[in-house]
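Chain naming follows the written order as A, B, C, D and E, and within any one chain the residues start at number 1.
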C-alpha cells in the first residue's frame, strides 16, 4: 500500500520554478533517497512532503489523507528534520526533548530513550545552544522520532554527523517509511532501497538499489 | 583573622566611630533638626562613589591599553562598590527629602543625574554578566565605564549649572559651623577607608573567581592526563 | 490530538524557564521603564503642579513600548532559532501554543508593571491606588492578546521590529484611551472611572475572543 | 591594508542598498513615528494651549525610540546572518567598518526625521523652522555615534534588544536636554537658543571623538 | 618551512574543556584534515587557527607572526569558511562577493572569477537569501578565496555540497596550505596528505596518507 502518493507537485518561488510536476508513490516501510545537485529542489520537495510547505499546484495524499487539508492530523505521524535544528538554546538537551514530548502528547520517558539513541546522554543537561553543530543535528533527529512517526522526512541529516552517523540513521529509519535527501550516494545506497534524482526541479529518474551502485 | 578580615573589622570600627561623631559630637541643626545628621553619610557616600567610579575609569583605560588583568579586576570591584555607595546616597537623600521637601523625589538636576549615574553602572554590571566572560566582557565594560564616567562631573556640578532645589556647595564655601565641618571630614575619611577596604576585598574575590577557573583547568589537566589513551 | 491545556502550560513554562535562566528580559525591561521616566522628565519639564496631568501619558507610553518589546521578543526568539517551524510541525493546537506564549509574555509584562507603577508613584508623586493597578491590569489583558497575535504574525515576516508597532499600536488605542482616562480619574482628574473600566472589560472580551479565533490562521501558515 | 575610506563607503552603500531592496526600515519607522504622535495625543489630552509645551517632549521621545530601533537593527542584522564575523575576518579596519555602518544608520534616521518634523507641525500646530531642524540634526550626529557604538557592542551579547536602551539612553540625555531646550526656544519658549546649540556641538565633538577611539575595542572582539 | 606552529592550544568554555594542549606544525602547501566525532573540538580548533577565536592558553604562530596579536595582518592571508555562511540575504550573490572584494582590497574581477569557479555564475544575480543551502555554502567558499589567501581554513565545507563537491574543493585547495575539518574519511583521504584526529579535545594521533586508508 502506498503511504505517499503525489501527482504533479509543482512549486514556484516568484518567477523561479523550484519543483516541476513531480510524481511519487512510496510504499509503507520503503526508504527513498532524494538525490540531486545543489538547488535541484530537494528541500522544496521534502518540505512539501513533511507538510511544512504547500505546493503551488499538484495533489498530495499521505497515509490516505489529503496532505493539504489534514495537516494537523498528519503531523502526528510525520517526523521532520530540517536544515536548521530549531532548538531552544537556553534549555538543556533533555529539556528540549521533554518540551516537545508534551507538545506531541507522548510520555517524557521517550525523551530519555531518544537522547540515548542519538548518543547525547552524556550532554543531556548542557544547554542546546552550547552543543556542537553535529550534536545539535543529533538532537533534532531525536526530536523527530519522539512520537514514533510512521513517516520520517530527513533533509541532509548526515550533513554534520560523525562517522557513526550512518548507523545512527539506520537505527532511526528502521521500520519507518523514510524520505531522505542527501548528497552522499554511498549513504543513499546503503540506507535506501530506492532513489529519486532531481535536476532543475524535475524528476530525472528513479532507481532501485541495484541500479544505483556505481 | 587573616588580612582581609582584619581590614573589614577596621572599616566597620571606623564607621562606628563616625556614627558616634555624627550622633554625639555634631550639634543638632537649628532649622532641620535631627534629620540633618543624614548629611554626613549622604555626602561622604557620594564622594566615595565618585572615587570608586574613578577606579573603574582608570582600570578600564589601563585594561584597554595593555590588557592588564589586575586593572580589570579593580574596575570590576570599583563598579560594584561604587554602585553600593550610590545607592546609599540615593536612599539617604530620599529619606532626607521626605521631611524637608515633603516628597521622596523631585525631578531636580542633582537628583536626576545621580539616578542616571546609578543606572549607568547598573548597566556596566549587566554588560559584564551578559557578555562572553573574559576578554569580551572586560573590553565592553571598560568602554561603558569610560563613557559612563562623564556623568560624574555632571552630578557634581549639577547644582552650579542648573537651578536646583538641592542645596549647592556648602562645604567649600565654609558655610558650616566648625563641629559640623570636623564631623563631616571625619566621616568622609572613614567612608573613603571603608570604600578602599571594600574594593580590596572585592578585588580578592575577583582574583579567587578568576583563579578558580584556572584551578579547574589545572585539575582537569591532571585528572585528564591519567585516563587519556596512549598516543599512537 | 494532544491536551491543549497541557500544551499551553508547557509552552508558557518553557518561556519562563528560558527567561529565568538567561534573565534577559525582566531586569532590563524594568530599568528601561525607569529610564523612560527619566527621559520623559527631561522632555516635559515636570513640576509638582503638572505631574498628575502628565504622569498618565508617560505611564502609557512606557507601557506601550515595554509591551512591544516583550511581545515582539516572545516570537522573535522562536523565529531566530527556527524553532517556530518545529513547534508548528507538532500536532499541538496552534491556539494552545499561542495561548502559552501569550501567557508567558503577559506575566513578564506584569513583572515590568510591578516596577513601573511604584516608580511612577515615587518619581511623579502620583497615588498608587488599587484603582490605578486595576485599570492597568485590565488594559494589559487586551493589549497582550492583540500584541501577541501580531507578534506571531510578524515573526514570519521581514522587518518584524517595525511592522509590529505598526500593526499593534492602532488597535491598542482603545486601551490607551479608556485606560488613560481611568488612570487620570484615579489620579484625581474629573471623569467617570466606572465607565472607563467597563469599556476596558468590553474591549478585553472582544479582543481575547477575536484573537483566539484568529490565532489559528496566523500560526498555521 | 585596505583603503579605509573605500571600506566605509562600501559598507554604507551595502546597507543602503539592502534597505532600498527590502524597504524594511524607513517606511515602517516613519509610520511608527506618526503612530507615536497619535498615541501621545491620546495619552496627554492636548489642547492648543499646552501643545507648544508638550510637542518638544513628544518629538524627543519619538526620536529616541526610532533611533534605538534604527541603530539596533544596523548591527543586529549582521549578527543574525553571522555576517559580522565574516566582516571581521577581513583585514578592513574595524573603525572604517563601524563608520560605514554608522553613516548608513544615521542617513536612515534622518529619513525618519524628514517625516517626524512635518508630522509634528501638522498634529501639534508647532512651527517647522530652520532652527528646529538644525537642532534636531545636530543632536542626531552625537546620538548616532553613541547609539551605533553600543549597538555594535550589544549585537554580540545576549539580550541585545534590552541592553541597547539601557546603555544608550543615559548617554543620550545631554542631547535630549540641550536639543530639547533648543527646540523649545525655537517653538516660542524663552531661553538661550545659541547656548543650547553650542552645547550640542560640544557634545557632538566629544562623543564622535570618543566613539571613534572606542570602536576598535568594541568591534575587534 | 612550517606555516602554522601551535603549542599547547587549549580552549575552555566555562568549565568545559573543548580543546586541550594541541600541538601542530603544518608545512607550506600541506593539506591537513581534522577528523573526530561530534563535539570533539574541530570547530574550536579551526576557529582559533583562522584567528576568529582566541585560545584560553597556548601559543600560535602563523606565517611567522604571533596569531594572537597580529590578527589583522594575518587575516589578509587567511580564508575561512565557517559553519554558517554569513551572507547578506538582500544582496545578490555577485554583490555579496563584490562587497567583500572591497573589504579585502582586491579588484572586483576576482568576484566574477570566484563565482564561476564555484559554479554559481547562472545564479549570480539572485539574492543570496533565496539560494539553496548548498549554493550558499558555495558562495561562502567563493568569498574565502577572493583575496587568494595562502592559508585556507575550511570547517566541513563538504557538508552540503553536491556530488561535484570534491572536485570543487580540490580546485580551491590547489597551491594553498589547508586545514579542513570533515566527517568524510574518504574525502579527507582524497584531498589531504595528513590527518589529525581529535577526541574530547585532545589530539589522538596524526597520520600521513598511507596510514589513513581504512
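The working rule: contacts are C-beta pairs under 8 Å (C-beta built on N, C-alpha and C of every residue); 3 or more make two chains touch, one makes a residue touch a chain.
Since the model is a prediction, treat every value here as computed from it, not as a measurement.
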Starting from the defined contact criterion, work out which chains touch chain A and chain E both, please. none
Please give the intersection of the contact partners of chain B with those of chain C. D
Based on CA centres, what chain would you say lies at the far end from chain B? A
Please name the chain that ends up farthest from chain C once chain centres are defined by their CA atoms averaged. E
Check B-D against A-C and say which one is joined by more contacting C-beta pairs. A-C
Intercentroid distance (Cα basis), chain D paired with chain B, Å: 32
Go ahead and note the Å separation of the Cα centroids belonging to chain A and chain D. 46
Chain A to chain C, mean C-alpha position gap in Å, rounds to 38
Could you work out how far the Cα centre of chain D sits from that of chain E, in whole Å? 38
Residue ranges of chain B touching at least 2 other chains are 116, 119, 123, 126, 130, 135
Residues of chain E that touch at least two other chains are none
Multi-chain contact residues (two or more partners), chain D: 22, 158-159, 163, 166, 170, 173
Chain D contacts chain B in the complex at 146, 149, 153, 156-159, 163, 166-167, 170-171, 173, 210, 214, 217-218, 221
Which residues, counting only chain C, touch chain D once they are in their complex? 22, 24-25, 28-29, 31-32, 35, 38-40, 42-45, 53-54, 56-58, 60-61, 64-65, 69, 72-73, 80, 158-159, 161-163, 165-166, 169-170, 172-173, 176-177, 180, 184
Which of the residues in chain B come into contact with chain C in the complex? 103-107, 112, 115-116, 119, 122-123, 126, 130
How about chain C: which of its residues touch chain A in the complex? 1-3, 6-7, 10-11, 14, 17-18, 21-22, 81-93, 97, 220
Chain B residues touching chain D in their complex are 64, 116, 119-120, 123, 126-127, 130-132, 135-136, 139-140, 142-144, 146-148, 150-151
